[in-house]
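Letters A, B, C and D mark the chains in the order given here, with residues in each chain numbered from 1 onward.
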Amino acid sequence: MADIVSLADGVGRLVRDGDTVALEGFTHLIPHAAGQEIIRQRRRNLTLVRMTPDIVYDQLIGAGCARKLIFSWGGNPGVGSLHRFRDAVQHGWPVPLEIEEHSHAGMANRYVAGASGLPFAVLRGYSGTDLPEHTDTIKPITCPFTGERLAAVPAINPDVSIIHAQRADRAGNVQLWGLVGVQKEAVLAAKRSLVTVEEVVDELAPVPGGMVLPTWAVTCVAEVPHGAHPSYAQGYYDRDNAYYEYWDSVGRNRDSFEAWVREKVLDMEGSR
Amino acid sequence: MADIVSLADGVGRLVRDGDTVALEGFTHLIPHAAGQEIIRQRRRNLTLVRMTPDIVYDQLIGAGCARKLIFSWGGNPGVGSLHRFRDAVQHGWPVPLEIEEHSHAGMANRYVAGASGLPFAVLRGYSGTDLPEHTDTIKPITCPFTGERLAAVPAINPDVSIIHAQRADRAGNVQLWGLVGVQKEAVLAAKRSLVTVEEVVDELAPVPGGMVLPTWAVTCVAEVPHGAHPSYAQGYYDRDNAYYEYWDSVGRNRDSFEAWVREKVLDMEGSR
Amino acid sequence: MSTTTESEATYTSDEMMSIAAARVLRGDQRCFVGIGLPSTAANLARRTHAPDLVLVYESGTLGSKPGRLPASIGDGILAETADAVISVPEVFNYWLQPGRIDVGFLGAAQLDRFGNINTTVIGTDYANPKVRLPGAGGAPEIAASCREVFVVVRQSRRSFVEKVDFVTSFGHGRGRGDRERLGLPGAGPTLVITDLGVFRPDPETSELVLSQLHPGVEVADVREATGWELKVSPELSSTPEPTEAELAALRALKEAK
Amino acid sequence: MSTTTESEATYTSDEMMSIAAARVLRGDQRCFVGIGLPSTAANLARRTHAPDLVLVYESGTLGSKPGRLPASIGDGILAETADAVISVPEVFNYWLQPGRIDVGFLGAAQLDRFGNINTTVIGTDYANPKVRLPGAGGAPEIAASCREVFVVVRQSRRSFVEKVDFVTSFGHGRGRGDRERLGLPGAGPTLVITDLGVFRPDPETSELVLSQLHPGVEVADVREATGWELKVSPELSSTPEPTEAELAALRALKEAK
């Protein structure tokens, strides 16, 4: 049964220095507030996992929380580059960032394997690309029936996965709808999980296209209204496209980024 | 784009003698009318695939349509045995029936591999059981990362898959809800597909728990009201539990079965 | 088989079996429910002492709360009352396989001395069986992956055999350590509940040992209905009689439509 | 880069590129749409000559019909207007991988003579890149599994190179037969549309050859913006000017909020 906690308590209880942490949400329901809480609690040496390390991870990387990134596409969607990510990879600032790079298909299947309790997944992937040369978590595998060669990738089983959803009930059952990305897989693959939600309600009325994660599959639930901003929560608020442009100007320089972290994250301690 | 056809035309066009044919529907939405149409069109030498060959396959097997059955559980759910299936396996009546036997987990994953365009699937399955000794479509596979041994099963890619759904729109988009079993996988794994539906409507209003198969993933759609009877169609009619009991008396003897086929199936030619 | 004990309450041995089976489930567990006797027991547990017991059915329902006994494993009421309805591949891959389910509750056509289950064929020639049974269904992986397995079965020399004709679902193999050798994550069958009593694997040998007798049943009756040389636990206990409340709940469940 | 031709209609070279890219799509196709230039072109095609074109986005939408340009690959409007919304693993496993998609429409940071695509790093030292780009996303498997691949990219000596620094998505390798040797099911890049013209692989060598020039562009301009010794098709044709209707539809799409 999931515990209903505050965001600060949830992150404090579940995220530890050195952990492998996945924050998922594919363009929709990105758990931004939880990411900033990790910065606020000054976690270090995290291995961050995420298919699309966009602004949420640019912030964590710029704040020096990460030692490694496992990902498949790192950009500011619709805008351009992630400057903190580039600065960490190209110049090791503020700390060197090791990377482990996959394709979306590979990452999605790594989560599927993790959620399924399997050590690896099989896909038709990476053929002819330079990725396997640089990523040692891509190996060939032979079909025992046809002899065909395919790609194998190992399961991802984060220490903790964090997602954002629209609602939970008071028992901790979680409901999300719209683009559901790889969130179910991320939660089921993890040892521990935190779900931030727009609201905790008495009853989860069924929603077309909705999915429910039962309370016994989740560790903690925290009510964090607007917790996906500047990403969006279908049925609650739209994507703040201007923020993505704004982030380009903040993230572009170390100074402007550090000012932002101080003012918008660290000084907000206890505000949730 | 799916063609909207009559049941007789759909079966006539898509199901050929000697084909591998999957009729799916896990307790819910079982395509009984389509099964009887196959009997009516006197198809022979079919390899029938189905996780739960219940009444629908007892009828096809008893009518002599099948030379082989690939399955994981063959019974009359809630009642007892499938007498025509037993008679075919134990006495080769009306024709010998070869069997290829799996577990549900194995069959489900064979469909997943088929739907995914992969030659095989990996699972933790069959360990310590006598199934691999008798089923040569179960082989060991070794994880290239951990060295762990798991089971591999080959993809199922039927020549034709047939399912029943609640609705389709006039463009041939198919909507189903409630227990969705392995139907999506069965359709996507097949070379051709026929979906019988309760009704063809102008617009598919979203339904909680509903899924849509786009028209371009389906070959033919046929409107067959009550096409799942004696199974059920959530939102349309309940399971006819009495029929499952009745079937026990019909299927128990060759004579009563043959009378049933003549009267209820063959003599109904052209009634749809 | 229908017997009546000397107690005031009149009940059948099948009722005693279902009630004894229901009692072993707890409200903090997730139970993967086979149809038939296991489903009766699991639903009875939810209606009596374990209202929070989470029922998982292989048809794709998590947390079903049916108000009557489902007529089949895919009865519509299971989906309509579930917390979540998922596809069949997802049940097996995301929920059963990783060990998220505490108890797998299974039936059996044949069960042997080491808790191995046969639901495939009677007779040792697979190609020409004496009786063709339904087959495996979800059972092999339920038996492998659930933290523990409870089996509920009507007991006779035909069902309780020295060695099953076909291992459909692996119990304890030929004895202690066999599960570990295969790398099976769960503990396997830890309880077998019949219409005569309750059996547990001996901690040393994993052989099923009679540990509990239902009211009115003698050890000799159990031996008579067991196809191997039965061992009896030194701490043999008696199953408490069904309470009025248990019987009423069971009968209400069976009568509800 | 923004140019104006001598024709009456005034339009930019980016507009010409998007319109040329839209024209190559047909209404009976399913198109896997990358964000940015490909998404503009695919949505324009739906608004003009190909209203039945099926758009598939990697965020999990089948048959999206957005009324404006999505701001990102997961813009809410893609889900709200889709025939079906599915999980990300399902997009890749059930829909892309088996070859159900006719056209993969991709962008590129670098594209080489044989249509190989780089969106990973500029510079040949992967560990210490000159520029770290976003990475692969869905592109490697889109390039492998779609029946054919169209690439839309702004052309310059920096983007049109002899050999990409990193093969993120395999095109034609080092020439004809390389895809077959790898067992790749799709035909690979069959069209490259830039702001200067259109390129197709030579049927003999698979090298990209200039086959079409946009209005006002000379072959010399294209050579100038190509990082290899460019071959020109003997059947070099001219791209028809954008029509008023195309321009109006493109601008309406970009302005709609």
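Convention: a residue touches a chain if its C-beta (ideal position, glycine included) is under 8 Å from a C-beta of that chain, and two chains touch if they have at least 3 such contacts.
Since we're looking at a predicted model, the values are computed, not measured.
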Legend entry - chain D reached from chain C - shortest hop count over touching chains: 2
Inset, instruction - Please work out which of A-D and B-D is bridged by more C-beta pairs in contact, and write that pair. - result: A-D
Legend entry - Most distant chain from chain D by Cα centroid: C
Inset, instruction - For chain A and chain D, let me know how many angstrom lie between their CA-based centres, rounded off. - result: 28
Legend entry - chain A and chain C: spacing of chain centres that average the CA atoms, whole Å: 41
Legend entry - Contacts with two or more other chains, residues of chain B listed in rising order: 112, 117-118, 123-124, 148, 184-185, 209
Legend entry - Touching two or more other chains - residue numbers and ranges from chain C: 93, 97, 145
Legend entry - Touching chain combinations (by label order): A-B, A-C, A-D, B-C, B-D
Inset, instruction - Spell out the residues on chain B that touch chain C in their complex, using ranges where they run on. - result: 26-28, 51-52, 71-75, 77-78, 81-82, 85-86, 89-90, 101-105, 108-109, 111-112, 123-131, 134, 148-149, 178-182, 184-185, 209, 232, 234, 238-239, 241, 244
Legend entry - Footprint of chain B on chain C - complex, ascending: 35-36, 58-61, 71-76, 78-80, 85, 87-89, 92-93, 96-97, 120, 126, 128-129, 131-141, 144-145, 166-170, 173, 178-179, 182-184
Legend entry - Interfacial residue positions of chain B with respect to chain D in the complex: 112, 115-118, 173, 184-185, 188, 211-214, 216-217
Legend entry - In the complex with chain A, residue positions of chain C that touch it: 30, 54, 62-63, 83-84, 93-94, 97-100, 145
Legend entry - Complex contact set, residues of chain B against chain A: 117-124, 137, 139-141, 143-146, 148, 150, 152, 154, 206-210
